[in-house]
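Across the two complexes that follow, chain A remains constant while its partner is chain B and subsequently chain C.
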Partner chain A sequence: MSERLLALHDLQVRYPIRKGLLRRVAGAVHAVDGVSLRLDSGGTLGIAGESGCGKTTLARAVAGLLSPSGGRIELFGEKAPQGHWPLALRRRVQMVFQDPGGSLDPRQKVIDAVREPLEAFTRQPPQARTERALALLAEVGITAQQALRYPHTLSGGQKQRVAIARALAAEPDLIILDEPTSALDVSVQAQILNLLADIHDRLGTAFLLISHDLDVIAHVCERVAVLYGGRVVEAGPVAEVFREPRHPYTRALLAALPDPDPDRPWRPETLKGTVGAPEGGVGCPFRQRCPLADARCGQETPKALEIEGSVVFCHRVEEQQRPA
Partner chain B sequence: MALLSMRGVHVVVDTAEGPRTLVRLSELELAEGEMLGLVGETGSGKTLTGLAVTRVFPTPSIRLQGGSIELGGRDLAGLGERELLAVRGREVGVVFQDPNASLNPVFPVGRPLMDLLGLHRSLRGQAAVAEAVRLFQRVELPDAAALLSRYPHELSGGQRQRVMIAMAIAAGPKLLVADEPTTALDVTVQAELLRLLDDLRREAGMSVLFITHNLGVVAHMVERVAIMYAGDVVETGPTRAVLKEPRHPYTRLLLEAVPRQGQGRLKAIAGTAVPRSEIAQGCAFASRCPFAQDRCRAIEPALEGPGVHRAACLRQEEVLHV
Partner chain C sequence: MGRTLRFYVRRNLMTSIGLCVLAVFVLTAILAPWIAPYPGDAAGLVHPAHQLLPPSWQHPMGTDELGRDLFSLVLLGSRVSLGGGFVTIVFALLIGVTLGLIAGYAGGWLDEAIMRFTDIVLGFPSLLLAVAIAATLGPSLDHAVLAMALSWWPWYTRLIRSQVLSLRNADFVQAARLSGRSPARILVRHILPNAVTPVVVQASMDLGSVILTLAGLSFLGLGAQPPTPEWGLIIANGQNYVLTNWWYVTFPGLAILLAVSALNLVGDGLNDVLNRRERGVL
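Now for the complex of A and B:
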């Protein structure tokens, strides 16, 4: 069961910064800057972080939609190919995007949107494909009547259901979900999260869930990795990381989140400055905003420190752990 | 005394088949210096309710059909377009969700602010610059003087929203309508901005109509809350009472739909919201409500309850004790 499905080794993705009339490359944004993570088959891993932390770039690199600048992506025990993926691999890794409106063709009926991947990945006769598409749509709660409509007649939640059915059509081993419920209302989000839980329980599909919403990650995922400035700052089991966040950034992130229960205290910390484009280089990516940063944080990149099943990248935490 | 009192406010959109009701608000009151949370999901009419105060609707086909909107004793609903110009920005400030859509990318961010100072406070030249710097400092923008000549794309999302707040408070309004001011921002930035809004309210004794879908923010930011569904308030009262002991099934289900760690299946609300215009009679929530009975589909409930905590539900006593 715990076969390794996805492993990232020191993954790097850089975007060039071009300047001047000749658009010469003047530098690079280190969107993903040395991320190492693993996901076992049937597991659920959440990638948490705020705007610009590199979480979407990471998702797109894992899905093969962009090529890494460095490091290695292993899928199903083999190195993921650069550039165009073979059909068999594309079938096993599917993606669901944030904006369900943008990921469906407005001129294609809902049923055709689901028939398309069946056509690409299976050798079923047309009649069987239609039946399978209807069955998949029924599984996600779309009626046969709705299946014959065009996407614009559906609500946001219904469109996202279609996008999920479309991903399931390939019978993938891994679904990458990039902010799947961020565009939805709370009550609709609950329906989609329940649907994802059902799919995971029934089919054992592994999820890589990208979200800025820690509550969503806490609800869906077993493990979480918190990203800041293109690097993992803390990773581990959701229960452990959320109960006892160790990295100053994870702490600030959790403290900033107000709970709907007015009796739970809300004491957001004030962080210095704003998020800049990650430049890479030596040191902790969070040092400019960290209340605990000192000279060492700028001179030395924190190493992975394992504590009770979690990994933390922080000099302060490491110093506390040292025997006095 | 209430600063803002909205009664029977009716907002419609003109369609080929005639006007369709979007908002039909029974009542909404806001005391002086109070911050009220107006909560609802997409299509509940919370934004249109806020916009109805100054009658700036997104398209000309949406208009105010009736009702009274009293601000400091004067009915804004009866004012003409010219008279409203003096209210917009001066008596009522507005902050929208998306600061990118509100700032013109070809002008420096200080320009619209100084235009406002000229229009509402007759400040020009050096006096306008000095006041603009003061306002930028007040909303805690770094390096305020230099920032005036920066363009919107040079600022972060949080900084742009601070610029919008500076503009909204420039004329010293009595009422600030804040429509999802932090929804587009990251949580750490959101926290700082919410604190700023609350400081400004206290300092100026300004009332704030805080429109949001985020129950967590409401729980910690406002003393009183109104929950909207299908164009009307379905429950209102002190925040703690409404969130801890909801009397309306919709409020209750909404709270249960918020995901939390290790909680198992979420209680999703069945179906989708039915627009007000398609409900012939009875309670607007009846088609999705697990408590609904035949009488709920026949009688439209009014906002009622013991004291200040009221709900528009015929079965609220039962909802409370399940």
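Now for the complex of A and C:
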């Protein structure tokens, strides 16, 4: 049995909506609304969902960059502290951001960005830190010459490699990858994904990969959780979920994937409406756009239903499974 | 394309002129004690026999009512005016940048407290506030510099704070947190270098107005005291002779005009250069 690395229990993150002259709290966006997930050490979990479903908020909460409004985050078997994390825990959880340009300080040389975690987390002498930083950069394909440049002289893919090297410098047990390839060209995306897969095979680092791109998740992850409106609608092994999606939202998401074969006609089922700001409350988060929704979906929050290693949250699936 | 190119050449030309004039001023300010023909005149020597002589080879800017060489006074006065202005800006930056960094990064009640206090100071016209402080402290050059610094810092606080607000949630700041860095270090090493550009530009443009204000305070008797040679003070002494002895106020006035204009041109140029580097063009 592998060690439990990350467990989320009913995690909630709400952003207050302030209105009026006195900036009174008028309501809240339930960006993450009761998510429970687990990830074992060395595992790879993908979080899939469209823009605004709470993916990035979830990533930042797990990374300790923002405090949850409710529920619990357990890391390495212990409850993650609110606010500032002790260095020992900080080292073990690292993150790669979506925008490679924005995650590097424009006034800091590439090598200094990688040296920074080494300075904070290790007691090596400066010379050893420099060598280690150069070795890490070489591992991700950045030359010593490029290491001495400023970030704006590098391409998007190179910047993302630097960000990955920086995350690796801390020798973490968990790397959170927040849309690591969505800002990159398709050809560069593949290189970065292969680099990540290689790192996982070599170092056994656990990944929490956030992406709207199901192909990316299928390429890197063993398990996947599909998020909608701040809640998990379906979760399970990637092979299982993608082969036989059960939740109507997962089905729509998979159907929307374009087929690279130009001769095959592509007619995706389109969903009506757009994602609104999740407001929480009772009912299925997907009910407004679901083709199968009925009155029950608005009155009762679907419960977890386990089918062949997957978990689905849907009344319709539950009704089908029930013996007549 | 042609028009922007011509714009930059023109801009660069003006910046170069400003830079040259400024360089001459700084150089003469540094070398003034050695190149001034009558350095003793600035230390209180008087020559009643030479009073109010028009410009000549002996006295390129003429002499004042005490027979002192105005050229020597203007040269030595540049040390007081430029130096006083520079020290004022440095003090104002120290106060303003520190408070702005704290307000922007800490947020909450500390931010409120600092910014409301800043607003109160901003509510007074800078010159008026400087006059009030200088008058309260008593007339002297040091007090005038202190008074100006105390009335100038709020601009830098506001500028820095707005920069910090937009930077503190930037991904690279979050990434520094993930790299185990303390808030103080993030503030100094990551936020300050990225927030400082507009403040440096603003400060370089303000240097001109500060020099002008210092001259104004001295003119009103609240700044440099005689016999310290200061441009504003020379003009104050010369105001009774404006109609009869034109050279007395003209040359120190020209010195102020040239120095302030040069500083403004350099400030503009600095703005262009730093903003272009920001965008990664340079």
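Here are a few things to note about the model shown:
Basically, the second predicted complex is superposed on the first by the 320 of 324 C-alpha atoms of A that agree within 3 Å, B and C clash if a C-alpha of one lies under 4 Å from a C-alpha of the other, contacts with A are read in each partner's own complex, and residues count from 1 in each chain.
Here is the rule we use: a contact is a pair of C-beta atoms (placed from the backbone, for glycine too) under 8 Å apart; a residue touches a chain by one contact, two chains touch by 3 or more.
Note that the structure is predicted; figures quoted are calculated from it, not measured.
When the two structures are aligned on the shared chain, A:Ser155 is found in touch with chain B, with no touch to chain C. In the superposed model, A:Pro258 makes contact with chain B only, not with chain C. In the overlay built on the shared chain, the residue A:Pro106 is in contact with chain C alone; chain B does not reach it. When both complexes are overlaid on chain A, the residue A:Gly70 reaches neither chain B nor chain C. Of the two partner chains placed around the shared chain by superposition, neither chain B nor chain C is touched by A:Pro126.
Once the two complexes are overlaid on the shared chain, A:Pro81 sits clear of chain B and of chain C alike.
Chain A is touched at more residues by one of its partners, and among chain B and chain C that partner is B.
By the touch criterion stated above, A:Ala163 is placed in contact with chain C alone, chain B being left untouched. Using the contact criterion defined above for the overlaid structures, shared-chain residue A:Phe97 touches chain C, although it does not reach chain B.
Touch criterion met: A:Leu193 reaches chain B, while chain C stays clear of it. On chain C, the positions that touch chain A within their shared complex are 170-172, 174-181, 189-190, 193-194, 280. The touching residues of chain A, when paired with chain B in their complex, are 50-51, 155-157, 185-191, 193-194, 197, 212, 214-216, 218-220, 238-239, 242, 252-253, 256-263, 266, 268-271, 274-275. On chain A, the positions that touch chain C within their shared complex are 60, 63, 65, 87, 90-91, 93-95, 97-99, 102-108, 113, 116-117, 120-121, 152, 163, 166-167, 169-170. Within the complex, the chain B residues that touch chain A are 41-42, 156-159, 186-192, 195, 213-221, 239-240, 243-244, 253-255, 257-263, 265-269, 272.
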